[in-house]
Structure formats: C-alpha cells, structure tokens
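In order of appearance the chains are A, B, C and D, and numbering begins at 1 in each one.
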Amino acid sequence: MIGIGVIGYGYWGPNLVRNFAQVDGAGVVAVCDGRQERLGVVNKLYPAVNTYTDAGAMLADPAVDAVVIATPVSTHYPLAKQALLAGKHVFVEKPFTATSAEGEELIALADERELTLMVDHTFIYTSAVRKIHELVSAGELGKLYYYDSVRVNLGLFQSDVSVMWDLAVHDLSIMDYLLDCDPVTVSATGVAHVPGQPENMAYLTCMFPDNLIAHFHVNWLAPVKVRQTLLCGSEKMVVFDDVDMSEKVKVYDKGVILDEAEEAVYQRHVGYRTGDMWAPRLDNVEALAIETQHFVDCIISGDTPLSDGRAGLRVVRILEAAHESMARRGLPIEILPMRGSV
Amino acid sequence: MIGIGVIGYGYWGPNLVRNFAQVDGAGVVAVCDGRQERLGVVNKLYPAVNTYTDAGAMLADPAVDAVVIATPVSTHYPLAKQALLAGKHVFVEKPFTATSAEGEELIALADERELTLMVDHTFIYTSAVRKIHELVSAGELGKLYYYDSVRVNLGLFQSDVSVMWDLAVHDLSIMDYLLDCDPVTVSATGVAHVPGQPENMAYLTCMFPDNLIAHFHVNWLAPVKVRQTLLCGSEKMVVFDDVDMSEKVKVYDKGVILDEAEEAVYQRHVGYRTGDMWAPRLDNVEALAIETQHFVDCIISGDTPLSDGRAGLRVVRILEAAHESMARRGLPIEILPMRGSV
Amino acid sequence: MIGIGVIGYGYWGPNLVRNFAQVDGAGVVAVCDGRQERLGVVNKLYPAVNTYTDAGAMLADPAVDAVVIATPVSTHYPLAKQALLAGKHVFVEKPFTATSAEGEELIALADERELTLMVDHTFIYTSAVRKIHELVSAGELGKLYYYDSVRVNLGLFQSDVSVMWDLAVHDLSIMDYLLDCDPVTVSATGVAHVPGQPENMAYLTCMFPDNLIAHFHVNWLAPVKVRQTLLCGSEKMVVFDDVDMSEKVKVYDKGVILDEAEEAVYQRHVGYRTGDMWAPRLDNVEALAIETQHFVDCIISGDTPLSDGRAGLRVVRILEAAHESMARRGLPIEILPMRGSV
Amino acid sequence: MIGIGVIGYGYWGPNLVRNFAQVDGAGVVAVCDGRQERLGVVNKLYPAVNTYTDAGAMLADPAVDAVVIATPVSTHYPLAKQALLAGKHVFVEKPFTATSAEGEELIALADERELTLMVDHTFIYTSAVRKIHELVSAGELGKLYYYDSVRVNLGLFQSDVSVMWDLAVHDLSIMDYLLDCDPVTVSATGVAHVPGQPENMAYLTCMFPDNLIAHFHVNWLAPVKVRQTLLCGSEKMVVFDDVDMSEKVKVYDKGVILDEAEEAVYQRHVGYRTGDMWAPRLDNVEALAIETQHFVDCIISGDTPLSDGRAGLRVVRILEAAHESMARRGLPIEILPMRGSV
C-alpha cells in the first residue's frame, strides 16, 4: 500500500485527503499544515492520520511514500525538490512551478530518480473534457479553427499571484490536453483595478500554426461564475459549459457555413443555431477520484501520468510568455515548442 | 407629413418600411431597390407606395423629404451625399461609412445644409440599453472597471466586410452610448479561416483613461448565438444578455470584493455569485419603432439625434484603428478623442 | 385569387391580416371591426383594403370568398353560421365554439355546402410540434406513457372565459394532434382567486386507454411565462419548451429505466439526466404563414384541413367535460370518442 | 459529547455520518448495516468508529446516545421504537413512518420519555427554503393564492414505495413548513406504467381554507431533473428552482394583475414577465450540516426540533389521504387538522 502524505490543508487539501483516502492501493498516512487549527480538523475527521506542522518532519516519516503538495505556488519548487530528494513520489498543485526553470529542474530530478511526478491538472480528468478529447482525437471536429474560453469568477482576490496564474492555468491545461500541440506565439493584456495588487482580469491569445487561434478571458471581478469554452472545427463545434449541470457538453453537427443563398442568410439572421445539437450523457464521477487513482496506479506501474511534469511545464511556459507580453503592451511573444523535440 | 423614401429592400429594409409606416407625422412614400422581385413584394404589401429601381429617380420625387439608406456600407457615402445634396434628411444604416473621411464630409454637408443626419445605431434605442444607460448615468455602478462583450453568430459569412465591421459595430455603438467617452488606444487580432475571405472572428480591445478597459469578441463562426455584455463597476455590475427573453438585464448589487477572510474565500470558491441580483422589468417596445419616431421628431424639431453623424463617426474611427492594429499583429493604435474637442 | 375578409382586428387580427396578405393565391380584401380606431390602423397600413364596422355588410361584399373570424368565442358560432350560409369558407379562432352543439351544427353546415371550415389551432403548424409529430408517428418514442404540460402566464385576466378555455385549448389542440386518439375520462380542478371572476388557474387530467395519462396546468397568475411539455414513451422522451429560443425540442434517447443495480441507483440520484440528448434544428418559419397558406390551399383543392371543424370539436368536448368535472369537485367525466366512429 | 449511532449506510447514510462527524458537541461512534461490504467502507474512512451488523447490538452500546435511522420506511417504526425504548434520542429519515398510527405511537413514546425525536426533513434547512420562509412569515407575499411544485426524476424506480412516498414527501415537508397550516382535503391521481410496480407518477392536490390550493407533480419517469416550486400571493410571487445553481430563489414584485386596459393586455401577451425580479443571494451552507447540528443542539437544550415528530406525522397523514384518493379515482379525502387542536 502506498502511503500518502499531504502538505497543505487549506481550501483544496481536504478534497485531496478525502479522495486519496478512498483510492485502491493507497491510504493517507500523514497531513502537514503550519496552522494548528487545520490539523485539529484532520484529527477529528481522520483520527488515524499523523499530523505535522513541519514538512521536513513529515518527509522523514517512512510510512510516507508519496507527497501531495497543496500549498501556494511559490513553495511548490522547494517542497517538491525536498520530497524528490527524499525519494518520494510527488503530486503537485497547479500551476506546477513559479518559473519554467524550476519546472525543468524538478522534471530532471524525477527522471533521474525514477520517481513519479504529476501535476494536478484536475480538469483533464473530468467526464466532460475526456468526452471532448475523445471527439477531437477521433477527428470528428475536422480541422480545428479556434478555442475560446471564458472563466470569470466572483470577485475573489488573491494577493500573491495574478488572475492569469490563478485561473488561466485551468484553461491552458485543458487546451494543452485537447489540442495536443504547442502555440507559436502568446500575447496578453491585463488590468489591475486595485493599486498595488496583481492584474485581476486578463485576455490571453495563443496563435498556433495554420490559423488555429486560442483566446482566454480570465477575470476575478465578475458578478457571475462563467466557465464556457467553444472549440470549433470545420465539421463540428463543441460548447463546454461547466456551470451547466445537465448539458455540460454540446456538440453541434455543423461547422462553418459558406453557402450564400439569400434565404439561408435570412434564416441565419433570425435563427438561433445551425444544425442539430447532441449532448452526450456524462458520467457522474468526481474527476479527483479518477486523478488520484491514476497517480497511485502510475506509481505502481511506473507509467507516465497524463498530466506529468512536462504537461505542467508547457503550461508554465505559456504563463511566463503571457506575463512578458502583458508587460510589453500585448506584444506577441514567441514560444519554443516542447512537443516533437528530444 | 414627412415623406420617407427607403433605398434597399433586402434583409433590414422591410423592418424599416414597416416601422416608418407607423410613425406619427410621417409615411413611407417610396421604396428603391435594384432588384425587381423585391419591389414586387413591396407592391403586394403596400400598393400605395411608389417603387423605383434607380436612387436618382427616387431622389427627384418631391414627395420624398427624408431618405433611409439600407444598402451595403460601401454605398452609404455616395448615396447619403447625393441625398443631402438633393436637400433630403438622411437616416443611414450602420456602420455609418466605410472611412472616417467619408463620415466627416457627410457631417459637414448636413451641418451646412441644416439637414438631419442620423445613423441607425438600433441597439441604443432598446429598452435594455436605455435601462443600463439610466443606471450608468445615475452613477449607480460606481467607478467603471470594464466592459466585456461577446457577439457570436451562426456561421453567416459576408464577403464584402470583415466580422468587425459587421458585428463589432453594434457593440461599439452601445459602448459609445453607455461609457460616453473615447478610448485612448485600440488593438485587435483577427483570423480569416477561409482563404481569400475577410476575417471571420476577431478580438478587439479599447483602453480608456484610468484603467477602464473594453474588450469585444465578434465571431461569425459559432454554433450558437451569444450576445452577452458585462459592465462592471466598483459598486454594481450589470449583465446584459440579449438572447435571454425574460431577464435581459441583471444588476448585481456588489462590486469588487477585497475582503480576504478565509471563510469568505471558501464561500466564493464554491459559490455561484456574490450579492443579490435585481432584474428590472423592461418594456416590450420595438427599438426600431422608437428610433424611427426619433428620426422624424428630430427632423420636425431640428434637434440633434442621439445617434447622429458624430456618433457614427466615433464608431467608424475605432473600426479603422482596429483594422490597422489587426494588420500590425495587435499593436495598440492611438485614437484622437472626439468628445470635448472643438 | 381567394378574397379574404377578416372579422376582428384586436390582438390577433393584425397577425392574421399580415399573413393572409402574403399567402399565394389569396389576398386580404376586407377587414371588419366595430371599433373605428382599429379600422384607422388598417387604413394606414393597407390603404387598398375595404373596411367595415358591420359583419353583415362585409359578408355581402362579393370580393370576399373566405371569412376569418378573430372575435371572442361567444360570437364564433353566429358569425361562422352567417358566413357559411352566405357561402363563404370559414377560418375561425380557437376555441372553435362555446359548446359542442354549436360546433356540430357548423360542421354539418359546412359539409352540406361543401365549404372549407378550419379552426386556428396555430401550434400544430409550428416547426416544433411538426417535428415531434414526425417522431411520434414514426414510433420512435415507443409506447406512450404520459403527456404533461404547463402553460402559465403573466397575470392576464380575461373576464369572459376561464383560464381553461383561454389557455388549455392550445395544449389540447397539440395533444389531439400528437396523440391522435381520444381520452376516456376528463377531470379538472380549478380555483377563482378573484370573486366573481372565472377560474384563473386549473389542473386538467385526461385518461386514455392503456394507462396513457395527460395532465395540464394552466394558470393566468404566474410571475413567469412557462410553456413546457413532456411527452414520454418507453423508448424516448421529448421535452418541448416553447420559451427556449434555441432548443425548443429536446429528445432524450432513453425511456423508463428499470435496472436496479445499486451503482445505477446512486448515479441517478446524483445525476441530472439519463442518456444522450438530441436537439433537432427547427425551421424558422412562422406557423401562421404555413397555416394560412394551408387554409387557402384546402379551399382551392377541396382537401380537409389538418385542423378542421372535427379537430376543433374534439377539443371543445374535452373543455366541456373539464368544466363539468370542475363543478363536481374533480369527478372524472366520461367522454365519447369521436375517432373511429361513423 | 453526544455519541451518534447511524443505522443504514446505503445512499444517504454516508452523508449523515460525514455531517454528524463535524457537528459541535457530538461525534459518530457507531454505524450499523446488514451489509458487510458497506461496513468495510466505514472502517476504511473512519477507523475509530465501531461497526455493527445488528441494530440491537448497537443499541446496547452505552457510547450511543442518539440513533440516526437511514433505512427503508417500513423499518422506521420498529427501529425507532426499539431505540426510544432503549432511551436513545432518534433522528429518522423521511417519510417518518409508514402509517400515521405508527407515527402517533412514536411521538407519544418520545414525549413520555422526554427524548428528542426528529424527522429528516432536510429541505427546510436549506438556505433557499429558509429565505422563502422569511418572506412568507414577514407577510411579503400578501395573501397566499397557490403553491405549485414539480419534482421529476430520472427514471429511478423503487419497488417498495410509490413515487408519492418517495418524492412528494420532500415537497409536502416544505409546504408544511412554509404555509404553516393544514389542508382540508387531499386528492390524487397516479399511474403505474410497469405492471406489478407501485405508481411511478402522480398528481396530488391539497385544498386549504380560503381558496389556497397546492398541487404537486411527482414523477420517476422523466428525462430531466426538475425541481420547481411556485408560491404566489397577492403581493409577490416566488419561483424556487432547486436545479438552478445561481438563482434558486427569484422573487417577483408583482402579484395578480387585474388591470384590463387594452395596451396592458397586449404587453402581457407578448411579454415574458411582469414587474421587477429580485434574486437574493443564498448562503452556501450544506443543509444537512445545519440540520444535524440542530438535532444535537435540541438534545442538549431540550428544545423541540423544527422538524419534530408532529411535522413528520402531518406529512404522513397527507400521504395516507393521497393514497386513499388515488385508489378512489381522485375523490377528495378530508383530513383532520393537527394544528390548533389539543
């Protein structure tokens, strides 16, 4: 049985503990958090789990085989490095690291020590994204034209990172998985409405070869939660609305229409959509249950996780480029492709 | 009674004729269209209206006091100029003109001849936009932070103009009316997925003084019709969803939240919105009915229309700047303010 | 060309005039309304149409071949009888007549004189209902289990008829068309919240052979407009939401599920739906355009209209039975089947 | 600390255990379930909790102060009786009991022994229902006219009870709480589409004094999950849509409209609603967390729970009457009021 130690029991930690506690082949043996009152919650719910206020102490616990890091992004690199050096497998929250250099070092370290390194790109384990991936992989959408995503939130400010590192990271991880190719340039515009705080809204554009474009609107300062992605191709178009409980994924059976007949033009002016729509039923499985099981399975089998360190690094590179573009008034920044290189 | 002559009986012309036919103080006396079969439709519905295939002939008709131009944008300038020179008042479809130089010339001509010149910015006459204008004018939203608009359509391609001139013109006219100030810079990115055709999707950003930002996503190539605008301020936020039949305008009673308490953070993570929401009831009045009446009233009173030539010109200038930015990979283009100058 | 004369230019009359004006093979030649100001509207819009304040005078007009009756239900029978006796074809608003005896007499009269008699069951000519009819006729839904309909309105009171005669008539006409069979019993409960006024809300139940049940909730006193119908069978289920602009008809590919496995039970508890959903694209054609053309075509060909007097009578019979049941505290009232009898 | 013992660890039991584990002043000390594999799940998640396959053995455990019964309804009475006789407080799933006689006996027994007896009417502890209760209690809705509820589910069949006992129990408990008065008559119609199975869909009507009517549509056999309640009064109307994540409760600021002006009639025909709408923000608190805390608090303070045995009994009486009405073709069954009697 793989012993899991979780560092960080704040907002997301409890979900990780609950899920790892139910994974086959593993169990949660330790939780670490600097705040004593958070450990009190753990003790009440899981009296059999060891609690630590110091990460180093937890890493010294021989019952811990793998470490789950659910702390602020600035601490991912030192904690993950320490864990890898202690011979532990690592599962780290997104964004993977604060810089691509940090990410590269962790990947090299894990490779060298043959340890499993996985980034918590939760969304790619959801039923919705897996279903869309199935459609894209099978070529059902035809030639891809654009990816457009809106993720706006309820005025939740975080003072340590900008909205891009907080929210766009989700969409970039989904895009990375679905498009399975690297952008050529990245540009971004953002605004900080609160003096001295990081950007609270941003627009980010990725250009890919062959006129494929991806655009992201991320925003902390909105009255409603919106999570909508359009993925459109020459044959079919997909709308992914993560706030819609019953029809998260809608597939429209028409791509671009070039027919110019007068009647058709009129119909489209007054119409609300083209073609039939199909909304596949999705499983009600918690993504985190699948993902935590996948991590444990990869540790046991030695397989590479779907969201490995390299996936995490690809996303961090785009975020870095976007950050640079934002500082240069939206100048497109070139990005070196990772896929296909040795 | 003001005699109205309509040039162009294609998609929008019939709506104009139907509305002008019901305006107090005016009547439709003539319709002009090069296509004989379109005039046949007019003859069946309105046997008392004179029909012309030639605009010059219609302009010579002394019963025509005002001319409504509902033809492709490239013809707006020559037709409007001809009409003004013939001493007719002019109501012209949006976008006002194909270039700002054309627009300036028409404004000067109308001023000189003391003729009413109005641009069909229909949306600013809707109950929804008027209600939002009321809120903004009264200062209810507080300091404005951003304007974000998505207008995506059902794969309707037009070969003469790009999606920006076709769709963004609506949103820019709404923004011009609601924000009542001029942007400092404009940048835009667009993609043409069909070789040899104009851009079929574009993202446009306007920066205003004091960190106010406006962003537009316009797209011909989408599976669903989306018309959603967010207008957010420090005190309140507005969502305008023009596809929602019963709740087009929603007003959220909270602005940005800066409270960082742990529980509040958790609530916003799991919550779907902050604060109460209020959806004012809107009148069921056709915007075009109000707008056509306004045109006739302005002719009679000599008042300046809400959407006069200058409003049309401000929108054309933004479109021109966006076009230039798009050709220069998103470079922000400065724009000279029209308001407040002499 | 068939000359159409319209009696009644209130709420619905203008729609009828506009549509009959565009029908092939016909034209509106006369409009009759007791209110002079309504005729003034007609004169402004359609200067070529003759206007009458007296129905008898209009019936004497030899240019009138067919009469369209858009007046309160109590006047349907005398006006339609007068028109048929004058040798005119008749198109009458729903409900067909105030009593089944009146309806029977009109049917006999039209049969005898070989005149076309049609009831304005507009909904069965909509794209949505025609699409559902197509599915039901093809047997795609399997054995039908139930029809459930909710039609609630915005507090609009009519003092002459109860909500059942005003609203349920729509749903009964749709049900009559889709199920294509007659109920065995009808029961109803209604409440009048305003003393001295007719019932403003009612629940109506029709039992058919073989456990097929239909239920209707009609209500004038609601905050929102709801128009939702469920039609469920053993193989597929249909949701028809007439307020939804883009997905009026949704077809779910599963019927009743009898599988009792624990996991399946859990999934359905937490799930939002079973099976895939398909939303067919519907034409953007005005139902009234199709229906008015159908009336004129039937006059010319001598064919029986889809919504002939017998369809109108079947609906009136159900309304009569419901009215009786309502007076007897919901007692189920038997109804004599019309279909299959000679 | 109050020791909690839970009987039944099927669908709902895990939620009860998780919530009671976090209640102040209490802890889960024992879980009982006949199925060994269910106890295995408990042992993995909560190693410190004692597990039993026999209820009698658990009741003998002195650490158990209160018993939570989450088993099929037919077992509620014997288990609750056994627990009360053993001196344990009781929290029992809804419906309270299979007959009103059973419920009366349990109430008497708890009264006699001064034990807390509470029924799990979860919905009345939700933020949404509490907010509506606040509005109703404050008289904001004016005179109440009707309560209309639709609860339809995803084809989940249960062979032991009919849909009424399974689903209507939720709505009846909400209605009992919100209206705070007893119906005079109950009538119901139901259909069993599967031979040998209980009714899978039913319509239930409660008549109250002074023309207040409540109607319920419950259905296991539907393609989509619907949970919508209308509560309308003379001054305001409420729509409670439990499937809507962001606007569960909408309050419309108009009651019934009796104004008969022609223009108003037209507006309401074409309009989508009357008056402004207000959607109060609701707390994101799990109802079960509040409810389980309330049970423990009542044990400690000796207060009567909001959903005590009497509330449970009132609901069971309506279900019994509905059952009888259903067997008698919808005959209205009189019901003796519980409130205000001694």
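The definition used in the following text is that a residue touches a chain if its C-beta (ideal position, glycine included) is under 8 Å from a C-beta of that chain, and two chains touch if they have at least 3 such contacts.
Keep in mind that this is a model prediction, so the values were computed, not measured.
Student: What is the chain whose Cα centroid lies farthest from the Cα centroid of subunit C?
Tutor: Greatest centre separation from subunit C goes to chain A.
Student: When I count C-beta pairs in contact, which pair ends up with more: A-B or B-D?
Tutor: A-B
Student: Can you check how far apart subunit A and subunit B are, centre to centre, with Cα atoms defining each centre and the answer in Å?
Tutor: It comes to 38 Å between the two C-alpha centres.
Student: Report the inter-chain centroid distance for subunit B and subunit D in whole angstrom, where each centroid is the mean of the CA atoms.
Tutor: 52
Student: In subunit A, which residues are in touch with two or more of the other chains?
Tutor: Residue numbers touching two or more other chains: 224-225, 243, 245-246, 271-275, 277.
Student: Provide the residue numbers of subunit A that touch subunit C in the complex, in ascending order.
Tutor: 245-247, 267, 270-281, 283-284
Student: With touch defined as at the start, can you tell me which subunit C residues reach subunit B in the complex?
Tutor: So the residues of subunit C touching subunit B come out as 21-22, 27, 44-45, 47-48, 224-225, 243, 245-246.
Student: Which bits of subunit D are touching subunit C when the two form their complex?
Tutor: Residues 10-11, 145-146, 148, 150, 152-157, 159, 187, 189, 191-194, 200-201, 203, 205, 211, 213, 215, 217, 219, 221-225, 230, 232, 237-239, 243, 250, 252, 254-258, 260, 262, 265-266, 268-269, 271-275, 277, 329-332 of subunit D touch subunit C in their complex.
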